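You will see chain A twice below: alongside chain B first, and alongside chain C after that.
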Partner chain A sequence: MSSTIASEEKDRTWPELGACRVPAWVYSDPDLFKRELETFHYGPTWSFIGLECEVAEPKSFRRTFVGTRSVLITRDAEGEIHVVENRCAHRGSPLCWEQHGKAEDLTCPYHQWTYDFAGNLQGVPFMRGAPRPNPGMPRDFKKSENGLRKLRTHIHNGTVWATYSDETPPFEEYVGPEILKLITRVFNGRELRLLGYSRQMIPCNWKLYFENSRDPYHATLLHSFFTTFGIYRADAKFMVSPQPNGHEFIYSVLDPTLREKRSEVTDEMKTLKDQFTLHDMDVVSPVDEFEDGLISSLQVFPSIFVQQHGNVLALRHILPKETGKTELGWIYFGYADDDEEMQSRRLKQGNLVGPAGYVSLEDSEVLAQVQGVATSTPDSIQVVEMGGRDNFEPSETAITENLIRSFYKFYREKMGF
Partner chain B sequence: MAWKKIASLADIPEYEGLKVDVDGHGIALFHVEGEVYAIDDMCSHAEAHLSQGFLEDCVIECPLHQACFDIRTGKVLSAPATEDVNAYEARIDGDDVLIDI
Partner chain C sequence: MKDKNDAALRQDLRDFYEDYAGALDDVRLEDWVGFFADDAVYKVISRETHSQGLSHATIYCDGLAMIRDRAAAVQETAVFEPRVLRHFVGGPRIISRDGDEIAVTANFLITEALFDAEPQILMMGRYLDKLVERGGDLKFRERLAVYDNHRVRTTLVIPV
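Our next item is the complex of A and B:
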C-alpha cells in the first residue's frame, strides 16, 4: 500500500446528549466531507442517477454525479442502460464535456481513445505503432482490460440507480418495503415524460440540504406560501416516518377545506395571510391523481428527494461539491399519457418548487445563512429536541424533528462518532 | 465505368497498403497472395487512412481506432465503425494495377 500524506482528521467528540445535538463542525470540516463521500456515496449505497426517459434514444448520454465523481448514464445501440465513470481509462480526461447528447461512440478529446456505450474500450490510436516499425502499445496490452469503470446499476420503473460497492444489498432490500411502496406509487410503471430541469448551487454543506428536506417542522413556519394557501399546514394529518439506512418518508393528507379553517395553529401563525389570493388558483388547486388524498415525499439516502406536491412530480438530486457547496438538480417529470390539462397543471404547480419556487426559494437562502454561522462557530451545538429528545418513532404531527435525530443516529453509527 | 491504371504492382508492398489518389479520391490498395484489392482509403468512422492500417489476411485494421474491414468487400467487421467503405474491382495486368472506376 502506498503511504498517504493526508492530514489526520481532527479528534472529534460528539456532544453527550447524542442525536438530539448536532455539532456545527459536521458542516464545515473538509476531512469529514471526504470521509462521508467514501463511507456513503462510494460505499454500500444506491445513488440515484437519473430517469430512463432522460436518455430516451439509443446512443445517447447524460452527465451526472455520484458524490463528486462525474458519471454518465448511457443508452447503447440496443437500448440498454449503463452507468460508467466519465473518466478516460488512459489519462483520466473526462470523455463527455457536454451535459447530454447523442453520439456514435464515446471518444476522449485528449488522445481519441474510443469507447462503446457500455464503456468497453474499442479504439486506441496507433495501437500497432506508427509510422511503422514503431512498436505502438505493448503486445500484451488488452483493450478488454482497459475500459471505463462500470458501476453496478439497477432500474426500477424508469428510475436508474447505481453503486460503486459490491457489498450493496439488492435495491429493494436497501430501500426497504415502505420506501419501495412509496417510490412505486409515483414510479408505477407508467411511461415517464421529462418536463424539464433547473439547477442551483447552494453555498451549504450537503447535509444541511438533506436535513432541510426531512424537516417538516420548518415547512409550515418558513414557507408562508404553504400555509397561506392551505397546501401544507401544521394542523393537517401527517405521517413522518424514519426508515432504515438513512431513508425517510413524509406524507400529509390533502384537505381542500384546510384553507378556510381556523384553529389554534393558525392563530399562532403570524405568517398566515388568509385574505391573499392568486390570479390563477390552479397553482394551489391540485387534483387527487393518485386517489389516496396524499401529498407525499421521500428520501433515498444519500442522493435523492422524491416529491409529489399536488401534481408537481419533482426530484431533487442532492450533489455534494465541496464542504460548503451543494448542487441541487431539479428534475420535473410527468407521465407520457398525461392529457394536456394535466401537463399544464404540472407545469403551473411547478412554480411552487425549484430555485425560485414560491415555496423552495426560502430554503436555499436560509441554508446559506446557516452555513456561514456553522463555519464561523464550529464548536457551537445545534438543538434538535422537537417531539422528544430520544424520540425516533414515526410521528403523526409535522411538529417534530424525529427525522433529523434519526439521521444523526444513523450517521454517528456509520461514521464512528 | 472503365478500367484505369492507378499503380504499378511493384509499388504495393506485400501485406501493407498503398494510398493512391484517383481524381482527388483516396483509394487504398493491398496486395495479398497474388491478388490486389482496392477500397476507400478513408475510414468510415473517424479521419484515418486505412492504407496505413494493420493488415492480417484480408482484414485491414484502422490505425486510429482498430475498426476492421474486409478488403475484398469493404464490409465493416468490427466497431467502432458501423458503416462499410466502398470496394472497387481491381486486377493485375502485367506490372500494372487497374481498377474499375
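Our next item is the complex of A and C:
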C-alpha cells in the first residue's frame, strides 16, 4: 500500500482472502468515497448521460450528473448533442436551474455570461467596461479560453455517454464486444420513446447498489414475487458473466412452464407463495419481443444498469451523492413505433420495478438496512464465497457471487488495495 | 350527485377523503380497494413525469384488478422494514362537474415513522381525481397522486 493512501485514509488493509471478502469500511469511509469518484467517475470511464430523446428538440438542455458534478446534455440548433459542466467559467454558478428546457443560449443568471450549446463563451456583459472609459476585462482576456468545461461525448443508438478523461479508450473498446452486443439488442437503432422517470434516494453506498444488481443469488430468494410467477428462478437457465473494466451481464431464459414446476430448487425457497395469484396477469406475462426468450440486464461501470425485465425497458442511473447516499434514477422507455398494446404492457409491467416495484422495493429496503450495519461495524468483513472463493468465471447458475468477486478484484487493482 | 348542493357534496367528499386516509394509516388495504370504481385508474406519478405529460407511473393500476393486485402483493409478498405512516389530506376542492363525474383536487402529506429513527416526511403532493357515485357511495374513477418529491425516500410501499 502506498503512503499516499495511508495518509488520506486510515491504514486500510484488505482481508487476506482477497476478493471473496469485503471489508465493511468500503461502504462508509468518506475519504475513500472521494478517491473513488476521482478514480472512476472522473477518470478513464464512459458515464451514461441520458437518452437522445430526452433532448429531442434543437436548442434544448437537460441536467444530470457525472459523479456528484452537475452536467448538461444539450442539443444545439443544428441538432448536435454536447455534454458540458453546468458551471459558469466565471464564478461557478450553475447555468441552468431548470431541470430541462429550451433556450436561445446558455446564460448564467449571476452575471449573464452567455455560452452556445457546445459550451463556447459568446458574451461577457461590460466586456469593455462601463461607463466608458473604465477598463472592463483585460485586453488579453480571450473568450475562446473561458468556455464551459466540455466532456468527450459518444452516442450509441440513442444513448449518450461522456468522459472527463482523454485516456478513456473508444466506447466500443471500453464496454467490450459482449456488452456492446447486449446494449445493441435493446438500443438497436429503433427510435426511442421516453415513458418517464421514478427516482429514489437510497441511504446506502453506491457500491452496495451495484453489488445488489450483480447478485442473482439474492434475486432467487428475496424476491418471492418473481419466484412465485417463475420469472426469475434458480432452476431457470442463466448466464452470469463478469466482463472487463467492471462491467457485467446477466440473462436468464424465461420459461412460462416453471411456475407450475416443483423441484429441489423450490424446496429451498422458504418464501415461495404457492397460492398467490393475480387478477391481472399482464404484469407477469411478457411477450418475447426480442425473439430470443431472454430476460437480460447489464452494467456499464460506473454509472448505469440497463434492464429488460420482460417488456419493461429501464435504465437505472446510479448517482453517488455521499458515502451513504445514492440516487437511483429510473428512466423508462419504449420504442416510438410501439402499438397501444405494447405501450400498455410496458406501463403495467413497470409495477415490477422502481421505488414501488413488487420486486425492486425490496432491494432498497435491504440496502438501507445493510448500510446501517456496515457503518456501525466498519471492521466487519462480508463473505462472498458462493460459487467458489477464487471463481471469477461466467456461471450458468444464478446461485453464484462471481460478479461481486469480479467487481472487487477490479476495484482493488484500480484503488491500489 | 348533481342534485346535491355544494355544501352537502363538500361534506361528503371530506368524509370520503378522510376515510381513505384512515384506511391507509391502518394499512387496511382490502378496504382501500373499496374506494375505487370497477373501471378505475390509479396512478402514483412523479411531478417530473407528470409535468412532461409522459405516461409512466411509479404505481400504475389500470382497472380494479390491478388495484386489488397491488394491495395483495404488498401484504403477501413484499419484504420491507416495519413502518407507521400518517396521511394528512387537505380539504378537497371541486374543480368541475361533467355529467355524473366530478373533478376534485386535494393536497396530501405523508409522514413515516420507522423503528429506530425520528419520524420524517415521506412524501407530499396533490391528488387529481375524478369521482362518480356508485350505489349511493362516492368512488374514484380516476385517482392520480402526483408527488412533489424529486426522489422517493428509499421506498414507496403503501399506496398513496
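In this text, the second predicted complex is superposed on the first by the 410 of 417 C-alpha atoms of A that agree within 3 Å, B and C clash if a C-alpha of one lies under 4 Å from a C-alpha of the other, contacts with A are read in each partner's own complex, and residues count from 1 in each chain.
Criterion: contacts are C-beta pairs under 8 Å (C-beta built on N, C-alpha and C of every residue); 3 or more make two chains touch, one makes a residue touch a chain.
Here the structure is a predicted model, which is why all the values come from computation and not from measurement.
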Partner chain in contact with A:122 - chain B first, chain C second, else both or neither: first
Touching partner for A:377 - first (chain B), second (chain C), both, neither: neither
Partner chain in contact with A:283 - chain B first, chain C second, else both or neither: second
Chain B versus chain C as contact partner of A:201, first or second or both or neither: second
Dominant toucher of chain A (residue count), chain B or chain C: C
First (chain B), second (chain C), both or neither touched by A:165: neither
First (chain B), second (chain C), both or neither touched by A:188: neither
Chain B-touching residues of chain A, taken from the complex the two chains share: 104-105, 107, 112, 114, 116, 122-128, 130-131, 143
Chain B to chain A touching residues, read off their complex: 45-46, 52-54, 61-67, 79-80, 82
Complex contact set, residues of chain A against chain C: 99, 194-203, 222, 224-225, 228, 271, 273, 276, 278-280, 283, 327, 332, 343-344, 347-348, 350-351, 354-356, 358, 361-362, 364-366, 368-369
Interface residues, chain C side, partner chain A - complex: 44-46, 48-49, 52, 54-66, 68-70, 72-73, 76-81, 150-157
